[in-house]
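In the two complexes that follow, chain A is the common piece, with chain B as its partner first and chain C second.
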Partner chain A sequence: MRMRVPLLLGFLTGMFVLVQFFIPHKRMAEALQMLINWGMIVGTFALVLGLGSLLRTHLDKIRRRRPAYVYSFITLLSFVVMLVLGLFWGIGAKTPFNWLFNWVQVPLDSTVFSLLAFFMASAAYRSFRARSVEATILLIAAVIVIIGRVPISGEYTHGHWPQFTEWLMIYPAVGAKRGIIFGVALGVIATSLRIILGIERSHLGGD
Partner chain B sequence: MWERLLHIDRRFIYLLVFAVVTVPLVAGWKSPPGYTNPWTQSLYDYIDALPEGSPVLVAFDFDPSVKPELQPMAVAITRHVMRKDLRLIAMTFMPAGVLLSQSVLDQVAQEEGKEYGVDYVNLGWRPGIQAVLLGMGENLKRVYVSDVKGNPTSTLPVLRGVHDYRQIKLIVDITGTGLTGAWIAFAHQRFHAPVGAGVTSVVAMDLYPYLRTQQLVGLINGIAGAAEYEKLLDEPDQAMLAMPGVTAVHLLMVLLVLIGNIAYFASRRRRAAPQHEPPEPPTGEEV
Partner chain C sequence: MPPPPPSVWAFLTTPTWEHIGIWVAALLTLAVYSFLYADSPVFRVAEHLFVGISAAYGAVIVFHQALKVLVIWPLVALVREGLLALHLHAYALPKPAENVIVDFRLYLLPLPIILGLLIFGRFFRGYEWLSRWPIAFVVGFGAGSVIPVTVQASILEQGKGTIDPFLPQAGEVVAAPDQLGNWLLAAAVLTTLSYFYFSAPHRGWLGRSSRVGVWCLMIAFGASFGNTVMARVALLIGRMQFLLHDWLPLWIPGMGPPGN
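Moving on to the complex of A and B:
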């Protein structure tokens, strides 16, 4: 029963969403709207579950004094501070929440992301080698695109350099990308059908 | 020498990157792009051709991690929409995007003298991406009953006559994620809403297949695309300020790759060359 009811629900919901796409009737649109509302409610509960999971994981780390548990303490402290500030003073302009967001979260997040540039430069120097024909083609294409994407391109390089960069992006790169997209789309269709028909059951906790 | 060059301390490379990015920023150099990408131009032209009062939905689907790359284009798009007297409807699928979008809207609205609720609105964040995208195709005001300030959407003048995607003349998704694909799949393919995008350079390649098929009306590609948009608007701002640093670090990357390869091949040739050392004396064991 624990297996059959979720499978039946998945089958009915999946089939309805699939079929309604081909029946442009008012009743179908209304039923879809109702399903969408349910989806949003379920999404909100998923968020609450996520927060619960975050709290449980970090509380457990602190309780067991796991390595680097001090970061779990900082995470929980930040969570509580932002929650309290948001609940009592709101999140509008000139609120403590907004101040912390703009002057702590934004710089921290941007800094972590910007570190990528340093690692990329170091990795490119150490690993980007013309060891084979394929690697050489990749290297030449990369250099052309890198130079083609900066403002000096076209002014200090050959006039057609930016257009050639664009050609590389639109034809060879898109050709390969389209192949990947088709492959992924076919995989998604196959997996969706397996879920709707109850063949794929891993999302229910089974094998 | 080549071996030493190959095993250079990585901190030296970090220092170089830091220097070439920081110096132009501190000096305040601005660099207009020498070339305008056709996809940036097509998005600009599309917005420019919209009649006054047309509703344009801008999705601020980014969080603080990509703010330096995406906020300049968000400002440029918002500025263009407001300057053309179009109605701007803002929303986001990222919880942290609510405050980022509000700061962009407040800044540009003040510059352009626009009034909240009349010329623009911020609908904020709702959970459930697919549900919201499909829901807006049926009834936008049922998905967004109120805006971020708690005003009922049914009473806002900016949303008068806007029921679903059919009244929205353009959707612009500004993101560093794959959300534009969802906008194309649901808003464009299902409800035929025109979609444009402004994305980080990393994401841009994923969207190129949708340009040739006209599923995207235009694309702003990274900070370089944002600088191109600022040039089209004739409003040099943050993106143009970032461009000299971006240019310098791009050229440094090319230089590092070239030096790395030269050092690699030179050291390999040296290792492969025959060594002129005297032969070992015979031990007698081989006999």
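Moving on to the complex of A and C:
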């Protein structure tokens, strides 16, 4: 019951989804759509679990007066405000929820990710050394793409630099990535079969 | 002629939600960039605000676009059907629930809801194992759906894409750089695959091939690195443009880049 039922559930669901791919029938498509909806419903509960975990972590931090617990108030407050606004005032174009999304979440999102430009630059400066043939090739490819991707690249470098960058991206780089994709695909198929057949059980935890 | 930039006075006397939004966004942008100097309370506030807002955003979107459509309105319609079947007084359907199709699939709706609720079993001592059921369902579904998609997209289509350029259509002329590129691409695929072939020792021709494969991988990683750096730089430029074009003219009239 504790292990066999989930294994059977995984097997039946996985086999049905796999088999229906080879049976192009309207009923099969409808059944698949129903299963997709079921997956979304289950996923919704998983999201609630995740949010509950986030809230519990911050509430626990406040209750135990852990270091920097004051900031947890900000997380909780912003979470509650955004949630209440979104649930009760809707998510339309001229709602407070949308205002917070446009003027708080979007700027924070792009600013946090743009910070990575600085960190990547400093990490590259410290660790990018042409110590071997492989490292030199990596360095040269990176420099070519970085210069080639600058919009004014063609004006300050050789006129064909952007085209060469594009060529590098769509031929040698894609070739190597395709090799990786083949390997990853075989790995994905093998792991999926192991899950469906119940050989792989790590996602179900221990006994 | 573009309208003159609103001054700080205009902002103070007749602030619009957009003006307030620009100020909030600009201050938060500066708060995040303060981390470049040092980890400060200002950055911590922005960071924790980001976590709270993003988490709630995800929850609200899921509520409106998944929970309401897939659970709440169908349940409302289902309960009404039940009341009608029992010849009891039934309520009028709310507008969004009118489009719900009442058939056997609707009667199966409690199943995924119960399955979803089982995920909370991990909070009850002795019933943790119940949370395996929804996980098994979702993982089994993912495993089953990913096999045909992967075979199609990552093996057949990628193989086709590698071979197709060598079979040009009648009258099709392939430029020399593209022809060279096609050969290089095919060679890169084969040598990269040889690097990941571990059933034989990497000696002789396999050793040489796998070495070339590593070089190809280095080109791919270098190109990916360069691309990622430039994507982040583009975001940085976007934030700088926002500060200079949208925020600065708001409080220093006449400031900002030319043409603003």
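Everything that follows uses one rule, which is that the second predicted complex is superposed on the first by the 201 of 207 C-alpha atoms of A that agree within 3 Å, B and C clash if a C-alpha of one lies under 4 Å from a C-alpha of the other, contacts with A are read in each partner's own complex, and residues count from 1 in each chain.
The rule we apply is simple: a contact is a pair of C-beta atoms (placed from the backbone, for glycine too) under 8 Å apart; a residue touches a chain by one contact, two chains touch by 3 or more.
In this text the structure is predicted, and so the values were computed from the model without any measurement.
J.: A:Asn98 contacts which: chain B (first), chain C (second), both, neither?
T.: The first partner, chain B, only.
J.: Contacts for A:Leu7 in the overlay, against chain B (first) and chain C (second): which applies, first, second, both or neither?
T.: second
J.: Quick one: classify A:Glu166 as touching chain B (first), chain C (second), both or neither.
T.: The first partner, chain B, only.
J.: Counting only touches as set out at the top, which of chain B and chain C does A:Arg126 meet: first, second, both, neither?
T.: It touches chain B, and chain C stays clear.
J.: Once chain A of both complexes is superposed, is A:His158 in touch with chain B (first), chain C (second), both, or neither?
T.: In the superposition, A:His158 contacts neither chain B nor chain C.
J.: Classify the contacts of A:Arg149 with the two partner chains as first (chain B alone), second (chain C alone), both, or neither.
T.: Both: A:Arg149 reaches chain B and chain C.
J.: What is the contact status of A:Ala29 with respect to chain B (first) and chain C (second): first, second, both, or neither?
T.: first
J.: In this superposed model, does chain C or chain B come into contact with more residues of chain A?
T.: Of chain B and chain C, C contacts more residues of chain A.
J.: Identify the overlap between the chain B-contacting and the chain C-contacting residues of chain A.
T.: 37, 39-40, 42-44, 46-47, 91, 101-102, 105-106, 108-110, 112-114, 117-118, 120-121, 124, 139, 142-143, 146, 149-150, 169-170, 173-174, 177-178, 181.
J.: So in the complex, the part of chain C that touches chain A is made up of which residues?
T.: Residues of chain C touching chain A: 17, 20-22, 24-26, 28-29, 32-33, 35-36, 44-64, 66-67, 70-71, 105, 108, 111-113, 115-117, 119-120, 122, 129, 132-148, 150-151, 154-155, 158, 161-162, 177, 180-182, 184-193, 195-196, 213-230, 232-233, 235-236, 238-239, 242.
J.: Within the complex, which stretch of chain A touches chain B?
T.: Of all residues in chain A, those touching chain B are 29, 32-33, 36-37, 39-40, 42-44, 46-47, 91-93, 98, 101-102, 105-106, 108-110, 112-114, 117-118, 120-122, 124-126, 128-130, 139, 142-143, 146-147, 149-155, 162, 166, 169-170, 173-174, 177-178, 181.
J.: Write out the stretch or stretches of chain A touching chain C in their complex.
T.: 2-3, 5-7, 9-18, 21-22, 30, 34-35, 37-49, 51, 54, 68, 71-72, 74-83, 86-87, 90-91, 97, 99-118, 120-121, 124, 133-135, 137-146, 148-150, 167-186, 188-189, 191-193, 195-196, 203-205
J.: Using the touch definition from the top, list the residues of chain B that touch chain A in their complex.
T.: So the residues of chain B in touch with chain A come to 8, 10, 13-14, 16-18, 21, 31-35, 37-38, 63-68, 96, 98-100, 102-103, 106, 126-128, 130-132, 134-135, 138-139, 142-143, 149, 201, 205-206, 208-209, 211-212, 221-222, 224, 227, 243, 246-247, 249-254, 256-261, 264-265.
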